[in-house]
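Each of the two complexes below includes subunit A, the first together with subunit B, the second together with subunit C.
== the complex of A and B ==
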């Protein structure tokens, strides 16, 4: 395999890396947003959110993946037998814990007065959250969200421990095994990761800064 | 049965402020046994020293702060009773904040439209029409597409007023609507309030704008240390208040105004 073949082989892994990271990111939003608001506005159950965050930030992703895929996967092949599902599931849960913390800071930054104003016009608590807080919280969270997404792209590399997911790192490993070249595939891999994470983090920051300027945060 | 638009009966509210040490908890009695009736078309003005609890009382009226004791009525409906849908009640009460609190991610139009769309559930076209009408009423048609950060304080507060009046509430509560503004911008807000007064809008206003009070208020309420010290028509306060505390306060405020 010459270097160009190696490169193209790795590039074929990009869609899988992207889809794992995007799905995990979306799962993270779907979990993180309600958790962050629950933690702040539903005091009685905020301890549960805290517990969730501590658990999923405290256990290495790789351990969770192995546990879910080889452990649960044996008993429940659907859905835990699917490496793709386990990858998105574990990274999504972890990202939910991270994003909850990011959003919590942003909610404090947006300020309680926006909630009070929302309730003063007759919106309920959760509808104020949806219509008034959420759009501002996203803007406020952009630098943190950018690095969280970059983190997911990097962490998608962990799935090489699960068999059958041919994303970038798994492919680099295969190339090393078949060619004995343990420098080129990894350097190419590193460059591809940079090429993906950099523009995403950059454009998210730019979008956030422009929005912030507009709404005067 | 009463013809009151809103009524407060023996309302109490205390809150705690944490001191520097953990143990230091100061209990502030912001509202102590305050009762008040507002009839349709009434304009009443609450004034008094800062920190006396006027704003807390006003927030209790809108149930944005829940009173510890006492009752608030909106028409015949008790808002302090158990199981009341406060969101529905608040939809019938307009509230204007001292620090304005416009929704920063929405334009002037968006700010006014939100309650019409999401609370009154009006169809898009009608909500827009009514929002524009409200913005016309506060003379802000040129700012419709501006975000709060692009407006002056006076413009923003007028949007705040438009947001409160657009859904045609039974009453509007205004918490020091001009005191956070530059002195030269208070005029435009006062003009807007004057227009509302002439249209017969029911209003309860916390304010120290004395010339405005003299002009539009039927009743002035002097509020100090958590309770109503004295009530009466503006003429009473401007000539000879009964209580020493009110006399003192009026002298100070009138001196200040003439010095300016």
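== the complex of A and C ==
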């Protein structure tokens, strides 16, 4: 396998890396937003959100993937027997915990006055959250979300331990094993990751700044 | 299911693995803090070339997964240098260098929240720029940076589990070995996960207490960026 074949082989892993990180990111939004608002506006059950965040801050993604795939996967072949599902599941749950923290900071940034204003014109608590807070919270959290998405792309490398998903890192290791080339697959792999993460963080940051100016924050 | 927990051999393995995990993380965050401070000073006061090189360094270590960096350290570096190198040494170094890339951002952010005013104040009482950095700015920056440093500690500890896949004996390796003998997959990973959880949560709790006592009232670093 010459150098170019190696590079193309690695590039074929990009769609899988991207789809794992995009799905996990969406799962993370779906979990993170309710968690953040629960943590702030439902004081009685905020301890549960706290525990959830601590668990995903404190257990390595690799251990969770091995636990769900090889541990639960034997008892529940569906869905935990699927490597792709486990990858998105673990990274999505982890991202939900991270995003909850990001949104929490943003909610504080938007400020409590807007919630009070919403409720004063007769909206319910959750309606004012959905129609007033959420759109602004997203704008406020763009820098954090940008680095969170980049983090998901990097963490998708851990999927290697499930040894069935041919994303970039798994392919780099396969190339090393089949060709005995210890140098180029990893260097190319790292460069591909950099090429993916760099524009995302950069453009989301700029988009966020423009939006903030536009709505006068 | 959990009978294997009574076997002292497995606990020796777990302890041995945990030791490597702890050592490599602590070494990583400390080397990262030292290098990160130097990098952020270089980024603030350096010329164009220095700043460009620092930006490339940071982009490499923050833009690619630590997992790939570990493979590069353990496989690529010795192959490039045509040398037999100790895998443990390389792993320690790559964790420190990676952490420096992240901590440069944190330390620089912390320094910039206090830099302008206090640098002027320091120079006005006759201290040199370096003395002001050394005696005024950096001690305060370290107090501000504690929460980010705790985050870095957590994520670095979690990343050490990748070491099991380049053949180093960390806590996850211990889990793999025990699982290989007992076949109790689910219980083993639950126990290993719980050990990670207790260690990481305990240390971050401790760091929170330290931060509460050491923080500068009114000065907080925005963790978002």
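The working rule: the second predicted complex is superposed on the first by the 217 of 217 C-alpha atoms of A that agree within 3 Å, B and C clash if a C-alpha of one lies under 4 Å from a C-alpha of the other, contacts with A are read in each partner's own complex, and residues count from 1 in each chain.
Rule of thumb we're sticking to: contacts are C-beta pairs under 8 Å (C-beta built on N, C-alpha and C of every residue); 3 or more make two chains touch, one makes a residue touch a chain.
Every value quoted in this text rests on a predicted model; they were computed, and no experiment measured them.
Student: Which partner, subunit B or subunit C, is in contact with more residues of subunit A?
Tutor: C
Student: If you stack the two complexes on chain A, which partner ends up touching A:119: first (subunit B), second (subunit C), both, or neither?
Tutor: In the superposed model, A:119 contacts subunit B only, not subunit C.
Student: Return first, second, both or neither, reflecting whether A:139 touches subunit B, subunit C, both chains, or no partner chain.
Tutor: A:139 contacts subunit B only, not subunit C.
Student: Using the superposition on chain A described above, determine whether A:102 touches subunit B (first), subunit C (second), both, or neither.
Tutor: Touch partner of A:102: subunit C, not subunit B.
Student: Considering only touches as defined above, state whether A:131 meets subunit B (first), subunit C (second), both or neither.
Tutor: After superposing on A, A:131 lies in contact with subunit B but is clear of subunit C.
Student: Mind working out whether A:214 is in touch with subunit B, subunit C, both or neither, as first, second, both or neither?
Tutor: In the superposition, A:214 contacts subunit B only.
Student: With both complexes overlaid on chain A, does A:14 touch subunit B (first), subunit C (second), both or neither?
Tutor: Once the two structures are laid over each other on A, A:14 reaches no partner at all.
Student: Enumerate the contact residues on subunit A facing subunit B in the complex.
Tutor: These residues of subunit A touch subunit B: 113-114, 116-124, 127, 131-132, 135-136, 139, 214-217.
Student: Please name which positions on subunit A make contact with subunit C in the complex.
Tutor: Checking each residue of subunit A against subunit C gives 54-55, 57-64, 66-67, 70-72, 74-75, 102, 105-106, 141, 143-144, 150, 154-158, 160-161, 169, 172-173, 176, 182-183, 186-187, 189-191, 193-194, 197-198.
Student: Inside the complex, what are the residues of subunit C that reach subunit A?
Tutor: Listed in rising order, the residues of subunit C that touch subunit A are 59-60, 62-69, 71-72, 75-76, 78-80, 154, 157-162, 164-165, 172, 175, 179, 185-186, 189-190, 192-193, 196-201, 204, 222-225.
Student: Quick check: in the complex, which residue numbers of subunit B touch subunit A?
Tutor: Subunit B reaches subunit A through residues 62, 64, 87-88, 90-93, 95, 97, 99, 101-105, 114-115, 118-119, 147-150, 163-164, 167.
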